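Here the chain labels run A, B, C and D in written order, and each chain numbers its own residues starting at 1.
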Amino acid sequence: MPPSRRLPDLEQLLGRIDRRLIYLGLFLITLAPLVGKWSLPLYVSRPPQLLYQAIEALPPDKLVVIASNWDAGSQAETRPQLIALVRHLIRRNLSFAIICTAYPTSPQLAQSAVEEAIRLESAPDRWPYGTRWVNLGFKLPDDPWLRSFSSSITGAVKVDVHNTPLAEIPVLRGVKRFGPEGQVSMLIDITGSATIDKWYEFLGPTKVKIGLACTAVMAPEQYPFLDSGQLSGLLTGMKGAAEYEQLLHAPGFAMPAMAGQSFAHLYIILLILIGNVAVLAARTRGRRR
Amino acid sequence: MSSPFTFEGAVLWLGALATLAMYSVLYRENPVYRIAEHVFLGLATGYGLYVIWRDVLFPIWYKPLFREHHWPWILALVAGGMYYTIYSRRFAWMSRLVMTTMMGLVAGLAFRKFYGQFVPQIGASFKPLVVLVKGPAGLDWPGTLFASLSNVLFLVCLISVLTYFFFTVEQRSPLVRRTAHTGRWLMMIAFGAMFGATVMARLSLFIGRLDFLFREWIPLIR
Amino acid sequence: MGVVLLGTGLLFLLLGLGAYLWGPHQFRDPKYWSAFLAGRATVGLFSVLILGAILHARQGGPVYVRRIAGLTAIDETVGRATEMGRPITFSLGLSQQLDIIALQALAVCLHVVRLAIRFGTRVIVTMRNATVYAVADEAISEAYTAAGRPESFNRADVRFLSDRQFAYASAAMGTIIREKAASNYMFGEFFAEALILAEAGNQVGAIQVAGTPSTTQVPFFIASCDYTIIGEEFYGATAYLTREPTLCGSLMGQDRCKLVILGCVLIGILVATAAALTGHAGSVAWVKGFAGLFTGAK
Amino acid sequence: MLTFPILVFAALSVALVALALLHQAPTRVKRALTMATTFLAGLFYVVEFFVPPDPATSDAVVFGRNLTEMAATVGQVTQVVAGFTFLLGIYNLVFVHGYVIRRRREGWPNSVAFFISFLAMVVFSFWRDWKTWFGGANPPAWVRDPLPEHAARPHDVYTLLFDGLYRNLESTMFSILAFYIVSAAYRAFRVRTGEAGVLMVVAIILMLGQVPLGMALTNWIPASGQFAFFRVETLSQFILTAVNGPVQRAIGFGIGLGMLAMALRIWLSLERGTYFGQEE
């Protein structure tokens, strides 16, 4: 009887780890940083830096419009982006309005995310709904509506998400147009869907600054727009959100989530190496015989 | 943790239970997963029917026919009905007639698809093997070398992978054989890259679920 | 071959002449014809090359077809399923409508089914689109009739699962695991769910063969399947399996087209290189014009 | 207005009579007809494609007929006819699961669950929108919640089914890929052959290049300078653009040609016997 029958040899041990153990490992290693709020240092790349600088340079008396076009399917990437951006706006003391054009469920998700951002900045009394920010709800973005929205916000939207007429909402008083001559200084599209092209088309001519935060899959196509200056900055998925949190020195969900990503990636690499050690072990044993 | 007896709470709890039931398949295929799978299938089929009616049959068939009275649309019903003869031996030829007509349409569309998708890539492949990159002080040598080598690599990849896909040429000549072999290796590099680049997106999905389970449902993550 | 080329050429000439003489005034505008030449001529040329090769093969011209690794395994997989007394599962992919990819997947599927009928082994075929289901049901039931065993055809073995991507994935995974598939085939168009199906097959220890033109999913098939058929091999599969002259000739035509592409690219690259080195304005313009033949009008 | 039902009835009768007449025709005729319809159907798109477009509108016009506009209609007809086949798919599901329940096959309660959830979804989705399609009374609030403050999440049964169950089932199934990608990597990336080795090494480089912890490994290499290329994120970007790009393009050429060739064979019915017609 070969010795391997008595002792579970290296090859057996390392080469055939039960998949359930592997799954459990992945589960724990991704969850732990989220629960423990561990974060790792990040290297902030240029596109988030650009977005940060663009927001830093905005005039204080104008409004920022956030197009929140994500739903539960991409919330791990887009929700932290929204929270980080809103936190930055609060720190810069900039009022903002939320509009959703992709999913009917987005306004509610955006509402809870903004409320969390306000809580994280411990500013519930400084940022009451209506006087500093407003949620304009979901609108179907067909071309006529987009055209009207880009020329007059209050003309295209009549009531906010709670059905309050816009005239009764202080933050929108006098707000009409986008661009340097108008009252809106920037549009930031936070999206899990192909919404940005329409903004280029309809808001591009108004010369308003456009920022984009999108899922990782969509980002590569957007680099040309960053180069051409059509985009003032870009956040790429969860990584972009984490980089932004780093820029703000305000760790939220994304930094621990990126730590989870890092650990999980290393975990996979470790598993691959273990598997190969098993192969080597089998090979050397084969040679000995 | 919110109460399951409000509407919002009910949505949350249903979602959480559905999530856990689906994940249970990671341990092994089990009765709970089986129920979840069939519920999912039922809901998806119902939803599919709803979407087909809402997005296709109502706006482009029912409305023109019964509201705007474009009577020829009734013939679409006949054509659609002909599919249903697959269950009858005698009338099955009708289903074949409509199927082969559909196949003909599909085939006809392929020409434009090839034209739109692949032909432009031929023209886009005309990259010079030498790219002279100008720096502030004359020629930027490292830049030139890098850009040129990238384009050479491009050509090598294109030729060798295309050679791998030659089916009716016997690979007798060692040159052809080696080129095809290189093509296979280069493909493996590309596939490895695609695999590695996808991991992050998939993990993001899982982190999204963790966010749902442990922030919205059980508030572990604050 | 010559006749076809000549005939097609003549047809186009006549069409062009007719259009010029009796067509609307735009036909007399040279821009019209440059728009036509941009790209369409390439598609036309490729079609003629392929048709010519098919005719050559149909008239008995010799065609060699190289080995396609995964396809040699089909006999083995069917045999294994028979020995183990377990079924074969076959996914026709996630095409959202009846399309060329689904039809090719069905052609491979029918080959497996015909073999399985001879061995008396069950094949469970699943798909995502109802039109594909209708065609598959009809074709498979006819395969049974043609083999003289119409009574063995079980309608419940051709299954439309769902038109929703992940509902399909979940149901297909359940099917593969519960039926304890001895072999699992995945042919057709696949998206992210590819790995779910492949891992399910892996869990029950099925021999897995996958073939797809969806290049992004090939890495995951390579990781989880025993055999993976890549890219154009997917379309070459039926030719390799059946050795039908039409199909083999078609493969030969495709190879000729690839030669043309290679030739064009090489010429383009050489002139582009010369242009880059010398900065000669004429060659720069020539490369642009040559590339314009392929990228030109919409 | 009366003309409409008459026209519909006439069109239906003509179509059915034509089918009945054809049914009497011998197999040879039917087969010829099949080939002819395939060819004509394909010919439409082929002509629409090969006719040089009007430079002004980029529409293909033949003898005063705008084929590009007609193609849009043909596309709609195809969509509608394909839409009708969906019921065929549902028939198949009902057949399979009904069979399991009738015979009390193993796992029949699952099939019952299928029927219940299917019917619930159909009833509540159609009931909810019935008025927008066919008019009639407003559905009750638990079928369609009219309150504007619930616009984001209406408190009705459809939302409960869709947001509560369907959406979560779907995203969970999608996210299972995270687990499977790990187990597939562990199992498959073993250096048994050179090819597997290449696959593994490149995948590892790319994985490192995606996350901060991986980038930290090569962070000591200066970001600008001759060796910047070997920083893991630069290297992985290079592999993606300089190798993956052209390889995918070359694979794409083959796939495109395969598709074109197959389309030609189907259009001209050169591939007889592949799908139907083996029995004769």
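Here is the rule we use: a residue touches a chain if its C-beta (ideal position, glycine included) is under 8 Å from a C-beta of that chain, and two chains touch if they have at least 3 such contacts.
Source: prediction; values computed, not measured.
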If a chain touches chain A and chain D alike, it appears here: B
Looking only at C-beta pairs in contact, point me to the busier pair out of C-D and B-D. B-D
Cα centroid separation, chain B vs chain C, in Å, comes to 15
Find the geometric centre of each of chain B and chain D from their Cα atoms only, then give the gap between the two centres in Å, rounded to an integer. 8
Averaging C-alpha coordinates per chain, one finds the centres of chain A and chain B separated by a number of Å equal to 24
For chain A, residues contacting two or more additional chains: 19, 23, 26, 72-73, 239, 261, 264-265, 268
Where in chain B do residues touch two or more other chains at once? 22, 25-26, 34, 37, 40-41, 43-45, 47-48, 83, 86, 96, 102-103, 106-107, 110-111, 114-115, 121-122, 125, 155, 158, 162, 165, 187, 191-192, 194-195, 198-200, 203, 205-206, 208, 212
Among chain C residues, those touching two or more other chains are 40, 43, 46-47, 98, 100, 103, 131, 134-135, 137-138, 161, 163-164, 166-167, 170, 178, 215, 219-220, 222-223, 230-232, 236, 251, 254, 258, 261
Applying that definition of touch, give me each pair of chains that meets it. A-B, A-D, B-C, B-D, C-D
Within their complex, chain D touches chain A through residues 148-149, 151-153, 163, 167-168, 170-171, 174, 178-179, 181-183, 185-187, 189-192, 200, 203-204, 207-208, 210-216, 219
Contact footprint of chain A on chain B as seen in their complex: 26-27, 199-201, 203-208, 210-212, 214-215, 220-221
Can you list the residues on chain A that touch chain B in the complex? 20, 23, 26, 30-31, 34-35, 72-77, 79, 215-217, 237-239, 253, 257, 260-261, 264-265, 268
Given the complex with chain B, which residues does chain D contribute to the contact? 4, 7-8, 11-12, 15-16, 19, 23, 27, 30, 33-35, 37-46, 48-50, 74, 76-90, 93, 107, 109-111, 113-122, 125-126, 129, 133, 153, 155, 159-179, 181, 185, 194-195, 198-207, 209-211, 226, 229, 236, 239-240, 242-254, 256-257, 259-260, 262-264, 266-267, 276
Residues of chain D defined as touching chain C within the complex: 49-50, 52-56, 58, 61, 64, 82, 85-90, 92-93, 95-96, 99, 107, 169-170, 173-174, 176-177, 180-181, 183-185, 187-189, 199, 203, 248, 251-255, 257-266, 268, 270-271, 274-276, 278-279
